[in-house]
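Chains here go by letter, A, B and C, matching the order in which they are written, and residues are numbered from 1 within each.
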Amino acid sequence: MQFTAKEINLLLNGTLEGNPDVKVSQLAKIEEAQEGALSFLANPKYEAFLYTTNASVVIVNEDLIIDKPISSTLIKVKDAYSSFSILLERYNSLKLNKKGIEEPSFIHPDATIGKDVYIGAFAYIAAGAQIGDNTKIYPQCYIGDDVKIGNDCSIQAGAKIYHDCIIGNKVTIHASTVIGSDGFGFAPQQDGSYVKVNQIGNVVIEDNVEIGANTCIDRATMGSTIIRKGVKLDNLIQIAHNAEIGKNTVIASQTGISGSAKIGESNIIGGQVGVVGHVSLAKGTQIQAKSGINKSIEEENKKWGGAPAQTYQSYMRSQVIIQRLPEMERKIEELQKLIKRMQENLPK
Amino acid sequence: MQFTAKEINLLLNGTLEGNPDVKVSQLAKIEEAQEGALSFLANPKYEAFLYTTNASVVIVNEDLIIDKPISSTLIKVKDAYSSFSILLERYNSLKLNKKGIEEPSFIHPDATIGKDVYIGAFAYIAAGAQIGDNTKIYPQCYIGDDVKIGNDCSIQAGAKIYHDCIIGNKVTIHASTVIGSDGFGFAPQQDGSYVKVNQIGNVVIEDNVEIGANTCIDRATMGSTIIRKGVKLDNLIQIAHNAEIGKNTVIASQTGISGSAKIGESNIIGGQVGVVGHVSLAKGTQIQAKSGINKSIEEENKKWGGAPAQTYQSYMRSQVIIQRLPEMERKIEELQKLIKRMQENLPK
Amino acid sequence: MQFTAKEINLLLNGTLEGNPDVKVSQLAKIEEAQEGALSFLANPKYEAFLYTTNASVVIVNEDLIIDKPISSTLIKVKDAYSSFSILLERYNSLKLNKKGIEEPSFIHPDATIGKDVYIGAFAYIAAGAQIGDNTKIYPQCYIGDDVKIGNDCSIQAGAKIYHDCIIGNKVTIHASTVIGSDGFGFAPQQDGSYVKVNQIGNVVIEDNVEIGANTCIDRATMGSTIIRKGVKLDNLIQIAHNAEIGKNTVIASQTGISGSAKIGESNIIGGQVGVVGHVSLAKGTQIQAKSGINKSIEEENKKWGGAPAQTYQSYMRSQVIIQRLPEMERKIEELQKLIKRMQENLPK
């Protein structure tokens, strides 16, 4: 896609200085921009780049005082950062605006497909599945029996959703993520073998959730594994059966939430964290990367760290003391010597 | 699927009390059940729910004494829990009973396909591959050249099995899991670059194994990476080249087993554990979540924890003492002061 | 594939002893080899196996002194190990030598396809994508809009590459790996919800890179996430947006590199390591498995361990002292008792 400076200025309702016909075809940071790129300057810290950049067009704040010659075409607006965000949105919605049903795809006659959808080639929509309006199902996705997907969702290439799962509106699921695979439940037998516990529940994902790539959310044994409204999950995360992730909680990559754990609202959980099964985390809990949570957290809005996790302050203190351990050992030895000497010198 | 209370009672060979024509279409926990649901009461702890549940049908033990009015239809059986398990099995086998070959799929003329299989659309069966009787290959699976898969297996949507791997009978592999990708072997060169070591072995998976979603099992450099009979692997697990996982061992999510490690029989390994290469773990070893195993474990049936791992008792003791570190530091300071004072007061 | 001992000897330019017409169809270790297998003996430690092996053909060093009868056909060469490596290469290139375009596949009319490619069934090549010469795109891969892939690449079954990503020459990407999924960027709002930050950058992968299965490399917010020449990444790794992995760096399974981290050249990073965002690691840095890196490392060629990481020596010392903690506690108690007794005995 290519636009002239003039077209962009019209969209942003700004003031243009320089060549209105110069063309841009990509967006770039001001310090990295090449010819043909559109950039912006919002932070005065980067002002020096304005005089050296190769960007063809730069969006700037209208109150910026320019005191050297500039080769780029300028578009002056009230708030350069917001204007650039508008362009980003616009760019992405044009770039990613796929529509229609590509062939070959597999849509079971008993599936229900909404208006203005995109269904990529090699996507599979099983019997009883429902796909909402404006939803995009990218190539090679699997939408199992009786799955319900709401409106305005984006299910990226190769995501797999097992039967009976329910996805809300405005949900994004990235490539190769698996929703609704069997929970990990096996009953030990006398002879050392295990018998599978059938997992007949499902996964419910509420509105405005985004889930990264290669993440796994297992279906409940019975009932539902639930991802509440507004949750954001990164890549390679494990959510086990019957877990519940509270509204607006954010979880970073490679974290694992065990079975039946209830993560509270507005939690912020770092990467590579492990949470054991059947615990509850209070609203506003924050967990440092790599921590291990092995009990419920009842007080709200606290920060935790370590494995097993302590309050953040106590964790930081422990870390400091652990580094002082060699010194502690030396002190104890000195005390032992000192006392020995004192004892020898004591009047008998 | 919909069943009447009468039909279910016939199947369970119980005694029916209430409306035999009431219909149920789902299974639910007694405390969450809505109209149209079938539930059960096995644990006396939950008896109170029997009088308040909205479940249309409840399976109960025949010796249960009922002392208040109940709105649900009851089915009385010897063991309510076992009866419910039978229904779960039946429900799942009906629900998941797929058969036939969907189009378009890719089945190489040199592949051998057993009886009563399911091959979903967009599944790929390469030259020389063998698929056993009653096995289900879900949509978008990749079965590479000369792969052998036994009877009664379920290979879920999008699983990828590289050439020459061998899968036994009654094996379940969940969505997007990768079997037989190249082991991670590279020979360092003088100039700092690496040259790939060709990985020409395979993966052998024995009978009754279940493998979760997005898990990776690498092929051996030469010989086989082996998953023994009855092993259960969770999601997002890494099994490196030439590793061997012993019979009936269970491994939780996000654990990594390095190259040539030999995990013993009947081990229980928690989530996010790491095991280094070339070690052996004795039969019955148990490893706490997040542990790091950096040496072989020779004594059977022991529990380990921590990174690097210690025996579980010693790990727990260390954890407790680490929490007492600030107190230890304070004690040392006190001793130092005390001794200083003593020295000053000593007769010169 | 089947070869006679004579054919193999011709290829290796060796000296044949025994039956030149015996046929082999697989490669195996000398201690595991069965009839029909080709094996080698390079390490004198394994010489005993030469007299008991069932291998039909064994490659040996020409200076090997043989003092007992042998049933296998021998091929004597200067360097048995190198000769065997040549055969491995040859075997793999024959075994994996796929060519042509299988149907059904989806190749957009605006895509550009090189010479001698393999495109498997159910692969999707989007508009504007470019596939170089001799590159193999296995079944069920997704190559998004405007993706460029160089020559001699191997993109294994089901790998997903989002729009605009750039892949160099001789790159291997294993099954179900995701390249170019959105970076994890969300702006917190007053009401506790998050608004997505559009991720309009891409991923650039340079020449000679190999990436394992089920790994994720997120696209940059703006600019590029970069994987430099010669990098080797294992399975289930997370590389976040705008990270850069230096030339010839090797990273083991399940490690996570956070956003905008810059990993230096020739680093060796173990499994399950976490690196926080925005740090830089010097050239030649080595990180022990399971470590957590929370600050930049400026000194080159150092080894680190622990979470948070210390220099390796200091980490090892801490580990030793932690094991001595119970003893330290006992010593402190003894000192306390001793001093108490001394105080009681002091002249008042």
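What we mean here is this: a residue touches a chain if its C-beta (ideal position, glycine included) is under 8 Å from a C-beta of that chain, and two chains touch if they have at least 3 such contacts.
Every value quoted in this text rests on a predicted model; they were computed, and no experiment measured them.
K.L.:
Between subunit A and subunit C, two touching copies, which fits better, same or different residues at the interface, with half of the numbers shared as the threshold?
P.N.:
Looking at both copies, the contact residues mostly diverge.
K.L.:
Can you report the angle of the rotation that maps subunit B onto subunit C, using C-alpha atoms only, to the nearest 5 degrees?
P.N.:
120
K.L.:
At what distance in angstrom does the C-alpha mean of subunit C lie from that of subunit A?
P.N.:
Whole-Å distance between the two chain centres: 25.
K.L.:
Mind pulling the subunit A residues that touch 2 or more other chains?
P.N.:
Expected reply: 104, 122, 140, 158, 176, 214, 236, 254, 272, 322, 325, 328, 332, 335, 339, 342, 346-347.
K.L.:
Could you please specify the touching residues of subunit B with respect to subunit A in the complex?
P.N.:
27-29, 32, 85, 88-89, 91-92, 95-96, 102, 104, 120-122, 138-140, 156-158, 172, 174-176, 208, 210, 212-214, 230, 232, 234-236, 247-248, 250, 252-254, 265-266, 271-272, 289-290, 319, 322-323, 325-326, 328-329, 332, 335-336, 339, 342-343, 346-347
K.L.:
Along subunit A, where are the residues that touch subunit B in the complex?
P.N.:
By the definition above, subunit A touches subunit B via 104, 106, 122, 124, 140, 142, 144-145, 158, 160, 162-163, 176, 178, 181-182, 184, 186, 192-194, 196, 198, 200, 214-216, 218, 222-223, 236, 238, 240, 254, 256, 258, 272, 274, 276, 292, 307-308, 310, 314, 317-318, 321-322, 324-325, 328, 331-332, 335, 338-339, 342, 345-347.
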